Amino acid sequence: MNKFGRRFCFSTFGESHGKAIGCLIDGVPAGIKLDMDFIQGELDRRKPGLNKFATARKEGDKVEILSGIFEGYSTGTPIELIIFNKDQKSKDYNNIKEIFRPGHADFTYYEKYGIRDYRGGGRSSARETASRVAAGAVAKLILNELNIEVKSGVCEVGGVTGKDTDFLYAPQSPIFALDKNKDKLWQEMILKAKNSHDSIGGAVHVRVKNPPIGLGEPIYYKLDAILASAMMGINAAKAVEIGDGINAAKTLGSQNNDQISTKGFLSNNSGGILGGISNGENIDIKVYFKPTPSIFMEQKTVDKDGNELSFSLKGRHDPCVAVRGSVVAEAMAALVIVDMLLLNMSSKIENIKKVYAN
Amino acid sequence: MNKFGRRFCFSTFGESHGKAIGCLIDGVPAGIKLDMDFIQGELDRRKPGLNKFATARKEGDKVEILSGIFEGYSTGTPIELIIFNKDQKSKDYNNIKEIFRPGHADFTYYEKYGIRDYRGGGRSSARETASRVAAGAVAKLILNELNIEVKSGVCEVGGVTGKDTDFLYAPQSPIFALDKNKDKLWQEMILKAKNSHDSIGGAVHVRVKNPPIGLGEPIYYKLDAILASAMMGINAAKAVEIGDGINAAKTLGSQNNDQISTKGFLSNNSGGILGGISNGENIDIKVYFKPTPSIFMEQKTVDKDGNELSFSLKGRHDPCVAVRGSVVAEAMAALVIVDMLLLNMSSKIENIKKVYAN
Amino acid sequence: MNKFGRRFCFSTFGESHGKAIGCLIDGVPAGIKLDMDFIQGELDRRKPGLNKFATARKEGDKVEILSGIFEGYSTGTPIELIIFNKDQKSKDYNNIKEIFRPGHADFTYYEKYGIRDYRGGGRSSARETASRVAAGAVAKLILNELNIEVKSGVCEVGGVTGKDTDFLYAPQSPIFALDKNKDKLWQEMILKAKNSHDSIGGAVHVRVKNPPIGLGEPIYYKLDAILASAMMGINAAKAVEIGDGINAAKTLGSQNNDQISTKGFLSNNSGGILGGISNGENIDIKVYFKPTPSIFMEQKTVDKDGNELSFSLKGRHDPCVAVRGSVVAEAMAALVIVDMLLLNMSSKIENIKKVYAN
Amino acid sequence: MNKFGRRFCFSTFGESHGKAIGCLIDGVPAGIKLDMDFIQGELDRRKPGLNKFATARKEGDKVEILSGIFEGYSTGTPIELIIFNKDQKSKDYNNIKEIFRPGHADFTYYEKYGIRDYRGGGRSSARETASRVAAGAVAKLILNELNIEVKSGVCEVGGVTGKDTDFLYAPQSPIFALDKNKDKLWQEMILKAKNSHDSIGGAVHVRVKNPPIGLGEPIYYKLDAILASAMMGINAAKAVEIGDGINAAKTLGSQNNDQISTKGFLSNNSGGILGGISNGENIDIKVYFKPTPSIFMEQKTVDKDGNELSFSLKGRHDPCVAVRGSVVAEAMAALVIVDMLLLNMSSKIENIKKVYAN
């Protein structure tokens, strides 16, 4: 089930070491200027090999558009975006073809499907997320038309939490740090883990700025529920919070409730969502990523035939998936928001008449 | 969008002070003995008015089955379950009909739809969750046939976290406490909040025992992603964790990876899910609930006409929604697992041949 | 899979001899005045026992609304409509509980589900279509707001095709005849079949007047494709035509193409749909119904244990299902059109801006 | 909405004169040998330029597989199939860029989206159907595993109906004629229309042989309803019949009912479907195609600015779309049947236990 979204939706295909990866975006409104430089720019933020904090795999991640465009504008028909794989080193994976790497999906894919493409994790590789970033870039082009922004960055590494949330600073940091004062420390922590042949966990903060009121379709397509699904479905994500999140559960109602004035809400503990519907405040989401399961230390596992063994992994990996994960989380948020924008259009007869009025 | 699930799915209807609430369950396999006592028993666990930790509203929550059953067994056609509302006290809400209660969905529903049923929160009331518990009970009848169990309880109140996770003890506690040693303290904290005209947050732990390997449909219907959506969509939920959750983000890969032996995984930090697919270990989910927004202290808000005002709420409310929320979270988990069980059946041609073999 | 539609959608439940039948309508825009007299009036057109051309079963088909309404208007939350069954005579079916009636779904339901509710055909009974008419009535209330009309009537009985298509006359005819000059003959043909313990086939014509241009979502949710699905899914329907239909296949392009002038299309062979999208002309659909399979003549069949036997059916049945089928087809068309209206709203960025403009 | 199917489903992309067309197939069970020669062979049956009965456009329609395959077998992950366009002659369309061709989707696409790719009809071109044939070929590989066959051919041209239905003969005919005795006449009729700068309508017959009993998901995903949608959604289709279809509406119940013996049904007027579920007999579907709207005779139309004009079309077109349409209809039937096969697996608890038994 490789499709996400209901009205604005996308499907992805492709494996880490296959010929190509890509996505088909369905439900893109006609009349959007499809700025390919912008879309490529979004992919460049996530692409591997950028610096020492990312995997060394070299992929230009050059994206091509195959359909849905005419004279530079979207036509309302499906947009197909494709990225051909270039730097597969499948032989790196020969030594794991018969074994199940701890923390990876090797075991579950093999058991579920009875076959697995072991090369680079196949379909379960985070390489798939490039397609999400491509689709998310198209989503952002739509959000731009309505002056809605989505921003992200890293807010925690290895248990050290940032205090500042500076979305302007993050793009300048090689690890998209949201807290300038923690940036260097976090970098050191990541490199230390990397140099120890280990990996390290982290968390990201995504914010939607200037959302319209009314996004989210209760009861089972609530904005927070779908954001949770979007975020938890990212490789290595293990927890999702909206607004004050886990902390909200530690408070009293009198502390947590956001009181209201004519200028808006007096606080934003809710993270901009009430009853599954956006209330016009910033939408705040946090996603927690486990450390990359690919580590180079010796680990115990079993092979396909059920034999126990110890092994050491080879290959090229991110020491902290939260870093590039922040770009993916941002893309997923943009995709959810656009879907919700389109779905919300028919919430009242008054809106319908606006569209069909002559 | 009031439907949840793809193959085994349910839709709910009804408002807090309407004539009835209920659900239509679609995709129930034929041949399940529909034990109405069991279904009623599940509703009784969640029903209001049980004790001083729940709202004082008296609802028997007597459930009736209107379709999909023949001679006691499911027929494969939709099962309609209905609960007539009995103890609406709509006049309690007269004083809030023009104002937006902080922390509630009043504002967002009104803005989205241009109209709102203010009586008891209308559709946004947690009363809707009775329908989920009813549907969840049917899901559990299916899980029973495959010896899969789903359990839940409260694991944290007001920031005090339990150490024990005793699913056998929880049913004996009036607040479904998972830690016997914290039960009394938690009860006191809840009553203290209640007596102060306040409310308090809390968290619940849900565990799926003995799940088959292979549940979850990557990439966009992963088991963890859909569980996250199911949980975050429960009223007042603000965060969801799978397995070690937020804590996983604070560790190193060498600590977090679950190594594997011939007897299974040597630890279960993953919470039983790898790559979005169950690995056969227990599935562990935690859900964090904000304090009930309904508090009786004076709060600032605005009315429909944009006037600022202060008000004090009346009515009957849960002082800690996490308590009854645990029953709802358990039901949602059961519903997700059954859906995934049915979807997974066609993962490989070998399974298809098993079903269609003559 | 008891749900129809994507954005405006409904799910039905209930069996012929169960406690109740009904539907949950999801995606109804807020702000629609829910005229219960109109809704009941639509059901009255379809209800059994009206005259000698319909089954003698007496059902008032009194519809109740359980949710989604506040002070007479839709609130955007699901609308539950319910009809309690009153005149089940289940004992009429005792003699067929072990056998499969030719032309009915007895055999296929039993084989598929391993169990069947034999009373009145259970879920496969045309009684289910009352729920569609109820949902269709709500759809029509929305269409009224946009001055779109849906009309229907009988255009053929037993191979005798009408020449006139008079949607104003049809409501006056006890068999909804569209051709005043054929009305009496058709009535005689139906009664002759009935008196011979037989049944007779027929066809209906549905027309959507004043549809907006642009309805239909290519490539796999085209207006004609979904209308075809909606119509073919009605009990006893065996063929569907759009516009000139089968006749179009017998012509040359120069005859079939609808040429265009500034006043619109010069003909309407296309039935108002080009490329799966409405072109603003009337939408014309024809549906062909087989004769009711319930006949009282002796027929050969087998029982559950595989024994051959002959039997004669008892009970109360329509001699020509096309008659009441026309009301159902009309309802289904209304439901499709509303769904398409909502889906089409996001076809271009210009429409989105209209809704979200401040 | 460019996706078809629920459990086994595919999405297509691409325009007639874009870079490529293709499809993403989701839900393919793992373990299917993906015979690329077979898939290419299916495309070769539909490809343009084969003979004088098809458009002269030269497309090799060479299909590539980009994902979802490992060592020759399906892995359960999405299969992406792509065909690069080679022989676009976009300048042929310069003269129609401002005008709306009668019988085509030019007008409706332009009105719906506010923009249209006029080159070769853009997305509305029948070129899109190559993707369906590619997806259908994968569906057939699954059907092969269960010994289910899908066959098709032309059964009517220009109002001349065949008497024989010879699925073995059809592949030998350049127009896939099902009646050997009509083959030559039909060819002459097509060429006569072509030489007169006109086009001609026709019909096709699709048969599913050896289907399992139980396919189809009442009430709103019935086998016949979904087949109707699948067929009516093919370019130029205007009518669909199941079994005796329109003729059934002209008969009496005593003639139409298929009586039953221990050897099966004594006739097959139902076309193998009762109550929306397959009964094990052959499934028979007929699809009626209007004449190709692209004709070279002078026609009246309007341009984008609302000016009336006469014009003559240029370009390369099929004189009778039913011919290649038969291959597409066959593919769509295969796709529906596979989807239904997977959906039906969970119809009863007994099947579920077969899959999950240890």
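Every chain is named by a letter (A, B, C and D) in the order it is written, and numbering of its residues begins at 1.
The definition used in the following text is that contacts are C-beta pairs under 8 Å (C-beta built on N, C-alpha and C of every residue); 3 or more make two chains touch, one makes a residue touch a chain.
Computed from a predicted model, the values in this text were never measured in an experiment.
Enquirer: Quick one: compare the interface residues of chain B with those of chain D and tell me same or different, with half as the dividing line.
Expert: Mostly the same residues form this interface, as more than half of the numbers used are common to both chains.
Enquirer: What is the chain whose Cα centroid lies farthest from the Cα centroid of chain B?
Expert: D
Enquirer: Report the inter-chain centroid distance for chain C and chain D in whole angstrom, where each centroid is the mean of the CA atoms.
Expert: 26
Enquirer: Determine the centre-to-centre distance between chain A and chain C, using the mean Cα coordinates as centres, and give it in whole Å.
Expert: Each chain reduced to its C-alpha mean, chain A and chain C end up 44 Å apart.
Enquirer: Find every residue in chain B that makes contact with two or more other chains and list them.
Expert: Each of 1-3, 6, 12, 27, 30-31, 76-77, 109, 112-115, 123, 218, 343, 347-348, 350 in chain B touches at least two other chains.
Enquirer: Graph shape for the chains shown, where an edge means the two chains touch. Line, ring, star, complete, or other?
Expert: complete
Enquirer: Of all residues in chain C, which touch chain D in the complex?
Expert: Result: residues 1-4, 6, 12, 100, 102-105, 107-109, 111-115, 123-124, 128, 156, 158-159, 193, 198-203, 213-214, 216-222, 224-233, 235, 237-246, 248-262, 266, 269-271, 274-280, 288-295, 297, 299-302, 306-308, 322, 343-344, 347-348, 350 of chain C touch chain D.
Enquirer: Which stretch or stretches of chain A touch chain D in the complex?
Expert: 1-3, 11-15, 18-22, 24, 26-27, 30-31, 64, 66-68, 70, 73, 75-80, 109, 112-117, 122-123
Enquirer: Hey, which residues of chain D end up touching chain B in the complex?
Expert: Touch list, chain D to chain B: 6-8, 27, 29-32, 76-77, 142, 145-146, 212, 218, 341-343, 345-356.
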